[in-house]
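Step one of this worksheet: look at the structure below.
A, B, C and D label the chains in the order they appear, each numbered from 1.
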Amino acid sequence: MSTLAYDKTITAPLVIDPYNDFISEGGKAWPRIQAVAEANNCVSHMVEVLNAARTAKLRVFYAMHHRYRPGDYETWRYIAPIQRMAWQRRTFEHGTWGGEFHPDFVPAPGETVAQEHWCSSGFANTDLDLQLKKHGIHQLIVIGLIAHTCVEATVRYAAELGYEVTVVRDATADYSDEMMHAALDINMPNYANVIASTEEVVAAIGAL
Amino acid sequence: MSTLAYDKTITAPLVIDPYNDFISEGGKAWPRIQAVAEANNCVSHMVEVLNAARTAKLRVFYAMHHRYRPGDYETWRYIAPIQRMAWQRRTFEHGTWGGEFHPDFVPAPGETVAQEHWCSSGFANTDLDLQLKKHGIHQLIVIGLIAHTCVEATVRYAAELGYEVTVVRDATADYSDEMMHAALDINMPNYANVIASTEEVVAAIGAL
Amino acid sequence: MSTLAYDKTITAPLVIDPYNDFISEGGKAWPRIQAVAEANNCVSHMVEVLNAARTAKLRVFYAMHHRYRPGDYETWRYIAPIQRMAWQRRTFEHGTWGGEFHPDFVPAPGETVAQEHWCSSGFANTDLDLQLKKHGIHQLIVIGLIAHTCVEATVRYAAELGYEVTVVRDATADYSDEMMHAALDINMPNYANVIASTEEVVAAIGAL
Amino acid sequence: MSTLAYDKTITAPLVIDPYNDFISEGGKAWPRIQAVAEANNCVSHMVEVLNAARTAKLRVFYAMHHRYRPGDYETWRYIAPIQRMAWQRRTFEHGTWGGEFHPDFVPAPGETVAQEHWCSSGFANTDLDLQLKKHGIHQLIVIGLIAHTCVEATVRYAAELGYEVTVVRDATADYSDEMMHAALDINMPNYANVIASTEEVVAAIGAL
């Protein structure tokens, strides 16, 4: 825990998919996430990390899933299962409350929202890598949803693209404990340099 | 001319940056483009190609430059000269008429507008490559602006990424004849499989 | 099972990391893989799929991990945990038997070996996407190692980049049943269009 | 000239295609390059920049074109004109003297050679972006061949991907003065932050 140390000039928090549909009472996917998210206080931990980063003047980045719009998928010849589900469920529908930022995670002026991603990785087919490079960022502190899909995908891509990553283990959630375990304990230890608690990460950010 | 032949299932037109600021009377950059664009009837040729493609039921794609928004560049540590110019000139300013599609090139329902690009290539840091793959496209018919910047950049990227490209030589324009010559005669012949006239391309599309 | 159908002109098998170090008696990682690989007859299933593909004249692609060479990592400022392990273990050391293709998976003339990948995805920082596009491939049949690292990473990237994917569930292996379960049952169903047995896939290829 | 200043920790020279076929007496393309290259002392300037960088302990990177190997292109469904030419001419043929580094540009131990590129950009479908990120590089000093193809393509990609670039104008060459002019005066000023002489760049590196 004492070894967690960041370099302020190259470190940034990355908030993944803080949509109402995921983490707000009444959101389309909230009933499936609620059990895990409440057990580890996911949302309040996300707020703690975000606030610590803002206080330390770290630049905040957001990776947001594509908001559903009519006509998005009808003409595709090729589609992945997770995209077919997004199509059927109309998750994060554009123009609806579910497709808006949870009120605690509305980007502040000067924070960077990457282009929406079509599958799970915040990097794929977006300007996230560019925005991070334009700001000189090499180390990411990742919070958000869902652990074994968008979070893991983004962490895997970050490692592939040359970034170092911290995952805040109690500032993410999933549909089941088994999925959380697969993401946090089986897969991400290969790609994330640090998997730590909110308490540890907030302390490290506070020391900057 | 007789050899121009397309396969309908894998071919699509790509319209680059048909903004009012570029090709409408009153646009910010129009005064610098007007001489070349009027000499080769660029805009009406672009309309001819687009109409031919729509008639042939080809799927139309649009690659649009980033619309200027306040705060876009202020925090970047690294910036390219062409981005610095876009910042100073506020080209394609979001929310203004100049940042809207020229009325002849407003996307129809079912046409695909890729995410905005930050520099010159319609492919870089966007979902253009993904959208083309999702629709099974391997051959592009490119029209639009500016020949030696966004058009050439997009054609170069298309070749690097594995696409075959037709450039319609009188459906693009530039700030000077020398720039047109550099793009059409010096550089793009290495990357575009065909550089042909509107008449030739429209005939080939009409034969589909 | 009867619904598995491929289009010959756009389908290709992708063989991931068939190194001696992974799947040959005496390989560095073989002792850790052997239990799972022998339980599902991984290697002989991989051979069956490869042979079926060659018989059907499908074009075969290989995604190979970076072979360790001295000096590879010493100067990196940023490194992922899985790369640090590759560095320490010198897996697939260049110039050694462990870094050679298992004899049953030596590429035949006319087959395509993508550039070596540095992390887990066969697509990241390589020419795999380009080679697939140059050959008009949109659907992949994936076999090889390790299920929850390179195979899952490559499948996730394939989905992100627009490919449709079949994973052959008994033609891959892992360090533990739990890891296999995480890859095959928790994660890859979101990204692979089909997860089927060797028997099913070989039958579908044979029907081409 | 006095304003040229680099930050040692984020700057690296990038040497593009220093093959015998390009810049050695007897090379396949040398007869077409010789006039321009001798007029501006291209090769000796390239050596000066390289030596200055090595003396200053900057890390050197190399972007090398694909070496021709039999079978490379025969099965491609789609091909760019410049690739068709490389196929016909067998430029940089693997295993021949023409495909070896010019003796003055053989990488020293600890220098990084990116994977070979298939078209013109050293970044496309290679690990160049990854290697630069792994070493924390944000600013490139570009030398090498050919100005309007591989050099311009690499500079354009560098700008698209977020790098700042210096092009050394008398440490590159081309088939004609007109091509040099198109690259150095028409196109690259949009993408390169600095286009300066060997004398200026060597002085700035010497000041580190």
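For this structure, a couple of remarks:
In the analysis below, contacts are C-beta pairs under 8 Å (C-beta built on N, C-alpha and C of every residue); 3 or more make two chains touch, one makes a residue touch a chain.
Quick caveat, the model's predicted, so the values are computed rather than measured.
The chain pair B-C and the chain pair B-D differ in C-beta contact count, and the higher one is B-D. Repeated interface, listed pairs A-B, C-D or B-D, reference A-C: B-D, with more than half of the contact pairs matching by residue number. In whole angstrom, the spacing between the mean C-alpha positions of subunit C and subunit D is 33. With centres defined as mean CA coordinates, subunit C is found 38 Å away from subunit B.
Centre to centre, using the average C-alpha position, subunit B and subunit D are separated by 28 Å. Among all residues of subunit C, those that touch two or more other chains are 77-79, 118, 124-125, 129-130, 133-134, 136, 138, 160-163. Here subunit B touches subunit A in the complex through residues 59, 71, 74-79, 109-110, 112, 115-116, 118, 124-127, 129-130, 133-136, going by the rule given at the top. Taken in their complex, subunit B has these residues touching subunit D: 77-82, 118-121, 124-125, 138-139, 148-149, 152-153, 156-157, 159-165, 178-179, 182, 186-187, 189-193. By the touch criterion given at the top, residues 129-130, 133-134, 136, 138, 160-163 of subunit D touch subunit A in their complex.
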